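The next part holds the structures, each set out as structure tokens.
Two complexes follow with chain A in common, the first pairing it with chain B and the second with chain C.
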Partner chain A sequence: MTEPQITELKSIPKSPSFWKEAWRQFRQRKLAMLSLGFVLFLSIVALFAPAISGSKPIVCEYKGTIYFPMLSYYSPRFEATFLNENFFGNYYDNLKENDPDSWAIWPLHFGDPNRPIDPNEWPDYPRTPQSSAPNSINWFGTDSRATDVFSQMVHGTRTALLVGFVSMGIASVIGITMGGLAGYFGGWTDSLISRLIEVVMCIPTLVLILALIAVINERTIWHMMAVIGATGWTGIARLTRAEFLKLKTMDFVSAARVLGVGHIRIMFKYLLPNALAPVLVPITFGIAAAILIESALSFLGFGPANSPSWGKLLNSGRQNLEDWWLILFPGFAIFLTVLAYNLIGEGLQEATDPRLRDGGSME
Partner chain B sequence: MISFLVRRIAIGVVTLMLITFIIFGLIRNMPGTPITMDLQDPEVQFSKERIAQLEAAYGLDKPWPLAYVHWLGNAVQGDLGRSYKQKIGVTRVIFDRLGPTLLLSVPSLFLAFLLSIPLGIYAGANAGSRNERILSTILYMLYSLPSFVAALFLQLWLAVYWEWFPLEGIQSNTHNSMSSTQQVFDYLWHAFLPVICLTYGSLAYDSRFVRANLQEVLRQDYIRTAKAKGLSPRRVMWQHAFRNTLIPFVTLVGLTLPSLVSGSVIIEGIFSWPGMGLELLQSITERDYPVVMGITLVYSVMTLISQLLADVFYAVVDPRVRLDNN
Partner chain C sequence: MHSRLASNSLRVFLCFSVMFASGCPKAPNYREVLENQEKQEEQLRTLLGEMKEELKSELIAELRSEFADGSISSGAIAASEPEQVFDPPATLDELDQQVTWVDSPVIDSLELYREYLKDHPPEVSVEEALKLKNDSDENNEKILSSLGQLYATDEDADFSTEIVRHLPSEVKSLNPLMQSSTVEGDVVGMIGLGFFSFDWNMDPFAVAEYVDSWQTSEDMRFDKVVIRDDITWSDGTPVSAYDVEFSYHTILDEEIPIPAVRTGMDDILGIKAYDERTFVIFHKHSLATNVWNCNFPIIPKHVYEETIKDDKTMADSDEHIKLEQKPVCGGPYIVKSRSKSEIVLERRDDWYMHNGEQVRRKPHFKTVRFKVITDPNTQLLALNRGDIDDLELQPAQWVNQTTEPEFYRLNTKVRGTQWVYYFFGWNMKTPYFSDLRVRKAMAYAVDYDYILNTLLYGLWPACSSEFHPDSWMGPEEPRAPYKQDLKKAVALLEEAGWKDTDQDGIRDKVVNGKKIPFQFTMLTPNQPWRVDVCNSLSTTLQRIGVKCNVMPTEFTVVQDKTSKHEFQALFGGWGTGTDPWTTENIFKTDEGRNYVQYSNKRVDELFDKAKVELDRDVRAEYYREIDEILWEEQPYCWLFYRGAFYAYNKRLRGYKFSPRGPYHYSPGFDSIWATAQ
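What follows is the complex of A and B.
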């Protein structure tokens, strides 16, 4: 029965979906695509950081069991066996001595983001010198604690990207919920939330962040993300509110309401997908801002003590201005990452805003 | 207009109380008090009685909501308290730090506005040309360059490597033995790098803003009309387009006002510039509560005033906007 209808429908060329069209527009922007490629590259570096630069084997067989010691950069339980057998971080010799049949696959670059390398830890590897300029062993030099800068840069990539995604994830959840509630329900809900947004926007951001961070006793990177997320949602909320205000008067929403669709379902299934494109733009810019704030806080010495960060490298560079490599490499990394996210945000804006689609020039 | 102002000011006062309440609660809950910060110095030794006495004097013996009410009562009467660390009034501290901050912020704001209008107009009028694309790319890169990264690069290059400019501080060691002209020159010489760092970002942002607005205006029907009736391109640009781009620009000027006084915490920190931003940073680490509160109050008041001014300016410049009837 239904078959003829389907063939009839197939004969009409389907118009491209909104996101397909947006992607087509986005792809035409060389700089935005280049930036997207750069962020993908950074994600790969962040994901495989311990395999790119570290002092622990990626994978090794020891006394008949396979271990992944590099994962101990994420959680110490992955090297529990080796801690119990008093390896003291020196894997190369200890593996050989304790078990001649053992084998290991090592990271591309030998170095550690958290500590200096001791002599004889690795064949032909001297003790890492303090404040050494870039050379064949320490590709980006070392800092005044004799820690390898390249290794800190690689592991710092993880910090930077994680901060961007997680803190903006938190900010998006708060912002979209707040803005959505205000825009959809209106009335006193709207006035209450709008006042709250105004108050948060008026608090000097850096004062608020510094005060919040100083309250925390033992700071970790997760605290920083929570603080940055909890202060960075106002722009997203305002935009979501405006979009919801506009969308809720449209016919398809009235139709849904007549059909008896619940409030929550209307908000998430009907309104949010349509409001997503304009809201994605401030989120992308927000990621750039979050990375900036994290590196600025670490630079000011308000960052967490035990995680490598580009901002922390800049901080040690500031105390030793002669060591240009402590400033040049992390400085460029922060700059390029912020630039890339800004370019992606702009590309997204131009690809999803119909008014800007055709280049936006006057001719 | 009057009813609008009254309503906005009332909302502003409530906002101000909320902000100061939040910040007061936060700083009182930071680990450590000004006394424990003093005790970190091994030479300072206090007896138990002395600590209790100091706590009473600083108001630390009261729970913080009570202390907040006390602070608010004094602040309404114009008394912001005394700095624990510097042993002088907070108002005095703020006035002492205001001069250096203005020395950086006034030139930087002026430079940014003066340069951004011609740059933005040029880019907007020549959209798509090769020069415009180069200019816009450079501006975009400057806009994305974090000011503290730029400050460190400039210090490394111009102060450490070439030694053309002083690394940090506001005056040379020999400042007091200089003639007054030399002293002025000395200040300017020290201010050069921080002013550059504060300027380039807003310059890039402002000129992009001007360009975007100009392009928006150029798409309007009245521009087509102006062209159609045979006006010269120059006249269309300056008489019809440029004047209308000024409307949103005025709002931008209003919103930048707080940065005039607030200074930049990071830039002042990097250049050890004794302004408001550096004072805020130091008073947070020293737990000098009255100073933190005083500076927060100044920042928030400036932000609220500038938002109000931006709205009022907007209504003054654009006759279509009426403030009263919402």
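What follows is the complex of A and C.
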């Protein structure tokens, strides 16, 4: 008789967590990774826009103090000293004249997204020409307002990305909360919220934005984002609701309930992480859609008046058809960005859905 | 034709034009309105592509409702006097005994133009002019002087040809009383009838084609008109003075929804027809401006007398729908066919022939076809293909898209200055702009060079007075406009107490114990070039520590806000009127279009004096003084005059620009003819 062979159970390797596995899967998708890289690149451009292209020094020392005039693109506060010294936004000569010991670090590209450069504002730069083709000074050409296109593209990146992130951020918060409540509690809460979702779905975002534009005094992209966010949460809510409906019948939820875990904790700690994967996908697509809406509004001339945007450039291209650079660069930028988000969304979908994922790599 | 034109255009466009309004008090500048609306409609259409049809039309209807406009108030004079009762003398003899008549001009405007051309011979031959490219002021002058000529003999002109005119939007009504925009004015002008008009110098006259004599009383309170006995409606009925009386009463009928032509009628006490050919207009006051109120469209009494009783809308009943399609016309053309996108007019032989005799000149075209094309790019393509014969060009089109042989193959282009000026208006009841120094600082801050030469392609001349320098009330010496000087602007702001005390990059000041930052909103209609002009001010102001938020707003909202004074600054334009009296309600204290709430006792006084003064030279002095005061006080920052840019097919001749463009005066379209070659 031989003794039964007992194989000693060695420590079982911990199976990778869901998100780790998803990331591993995602990484294998070249296009998705490339897109992620592109969006990161855009984020960097957006973050450092005034340092990439602007007419104000990144940092300078003036009369013994260090200043960051480039930040005045965000708030005039950072320019206050120079305002009182009557710089009129012209730094190069004024810095030298008023304080010979001053120094400054300048942006990579000298240009301004809002106005033409005056002659002599920068050594050997003429006044920005009108409707000029790309050249060594104006890399992407200039528009009919004699404003540098490259500069507008760089500063417009911020608008494009912000619109996507903020509006979908708002939409996700509302959508997940609403969907979660409806799915978890069910019953009349569910009916109520589902009806609300249907009502909101009927509101056309564009019309709402147009109405808002008529009312608001100081129109900014933030209002637009708020509206896109406040109307774009329905898809997310429906998906969350469906996931919650499915998950709440699972054993681990019953177990938690038996242990006396509170509703809120169950919803956000137990259910949400498990429901998040399918919800992330429409959010990503939503970002792409929001960028398109912003571009469309600017294209139609309903965007904020004085902030550079890709859609606005496209619009001026439509009015000056022979200036191809006004259409090519922003058109390409919008196309690539929206494509990138869609590819990320698709990658995410494949990486998180076991049916798609394993179906694709069955051995 | 003159009169027809005048009748509608006077009311519709004559006088002012704010950003939107031009023409008579309270009446919007319909051309502007229309342009605006079209832009917005176009945008809306694209935008609302997926919306339901009803909703779409509702929105557009809302935009359009801006046309609807009431009548003007007759101002201070009317308010201070008891209401007059219209009690005309029973017979003409009775009236003649009371009144001393003075003959007023009865003019054939085409003859007037012919006279004018005698002193203005062509600078170059037609062949040369057609070869020229219009790329300088000189060439523009040459082309205009040569192609603006009339035909020497009838053989030179092709009277049997067709002209295809462009319309930028659909025509809503062909009823002369129902016209509400220049588009309708252009069409109705050719089929309608009116007894008064004015020439390119804005001098009024009675139209010789229809009027035998026009007499005005010495105190200008009565106008007696005797019309010719050889005018007929297109159904054969003779035109009579009773038609005039009837039209007047119809226009005043509150139950009839008349959009535009009612303006100015308030100052008329009444109109009475004494016989078939004689009518007298009784004015409320003795004013030099009365003549401008005489000008209204005439409709046939025998056609409408009964139908109006059944249908006060003049649009809904079967008869009225039929009349919309085939109106009974008094003018030289009659409607042959009408659809949404095309209206075809045909020459009326019984207009210029009467009982087998030619009694008027033969109209220049056998047919006039109006084509509706809304998209600017399509318009230009149609012109280049020869599908349309005339087109108003956008400044950018003038500069960029009409310089190639493709354009010059069939067409040429000309331009002229219109007396339509644009301005930044400062609301004087705000803590910022109540101070003269601040308004002057703003005038020094504007980058005129950039706005005029870059944004507007150097095509539109600078404006530095309320009245155009070429007009009789304009400044005697051309005034030097402001030049950008940021140092002066800053000095003025600091003097006025606006300093950046809290180091936040924006100037501030303590007003009524509260510190407020210099941060204001610039209201402007939502058109790209307007927004660009405002943005240029905004970026300049940013450089001197003032925050200006540009707010491109839907046209209707702009109108609403400005009339309620709910704005801080505004970018707009006014079309100069035929008479400077039309500016009265822009600058007189508390008047309807005094959006910026300007108030100056001396100016009020001068306006009152000028209104009742009958001598033009004395009036000019008053208006010049007003202009001086306004310029000194800068309630507006005057910027530039808008140009008129037109493209014409090379076979067309005889066009001339007035301060109101090539059409909206006399002879206007009547002088245009096609060469026989």
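The rule is simple: the second predicted complex is superposed on the first by the 340 of 363 C-alpha atoms of A that agree within 3 Å, B and C clash if a C-alpha of one lies under 4 Å from a C-alpha of the other, contacts with A are read in each partner's own complex, and residues count from 1 in each chain.
Following the convention adopted for this analysis, a residue touches a chain if its C-beta (ideal position, glycine included) is under 8 Å from a C-beta of that chain, and two chains touch if they have at least 3 such contacts.
Keep in mind that this is a model prediction, so the values were computed, not measured.
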Touched partner set for A:116, first chain B, second chain C, both or neither: second
Which superposed partner A:334 touches (first chain B, second chain C, both, neither): first
Partner chain in contact with A:300 - chain B first, chain C second, else both or neither: both
Chain B versus chain C as contact partner of A:342, first or second or both or neither: first
First, second, both or neither for A:25, with chain B first and chain C second: neither
First, second, both or neither for A:53, with chain B first and chain C second: neither
Which superposed partner A:207 touches (first chain B, second chain C, both, neither): both
Chain B versus chain C as contact partner of A:317, first or second or both or neither: first
Partner chain(s) touched by A:151 [first = chain B, second = chain C, both, neither]: neither
Chain B and chain C contact sites that coincide on chain A, given as residue numbers: 204, 206-207, 210, 214, 217, 300, 321-322
Complex interface listing, chain C residues touching chain A: 43, 46-48, 50-51, 377, 396, 400-401, 450, 454-455, 486-487, 490, 500, 503-506, 521, 526-528, 531-532, 534-536, 538-540, 542-545, 547, 549-554, 557
Touching residues (chain side chain A, partner chain C) in the complex: 72, 75-81, 83-84, 86, 88-89, 114-116, 130-131, 144-146, 204, 206-207, 210, 213-214, 217-219, 300-302, 305-306, 315-316, 319-322
Touching residues on chain A, where the partner in the complex is chain B: 195, 198-199, 202-204, 206-208, 210-212, 214-215, 217, 288, 292, 295-296, 299-300, 314, 317-318, 321-322, 324, 327-328, 331, 334-335, 338-339, 342-343, 359-363
Complex contact set, residues of chain B against chain A: 11, 15, 18-19, 22-23, 26-27, 29-31, 127-128, 140-141, 143-146, 148-149, 152-153, 155-156, 160, 167, 215, 218-219, 262, 265-266, 269-270, 280-281, 284, 292, 295-296, 299-300, 303-304, 307
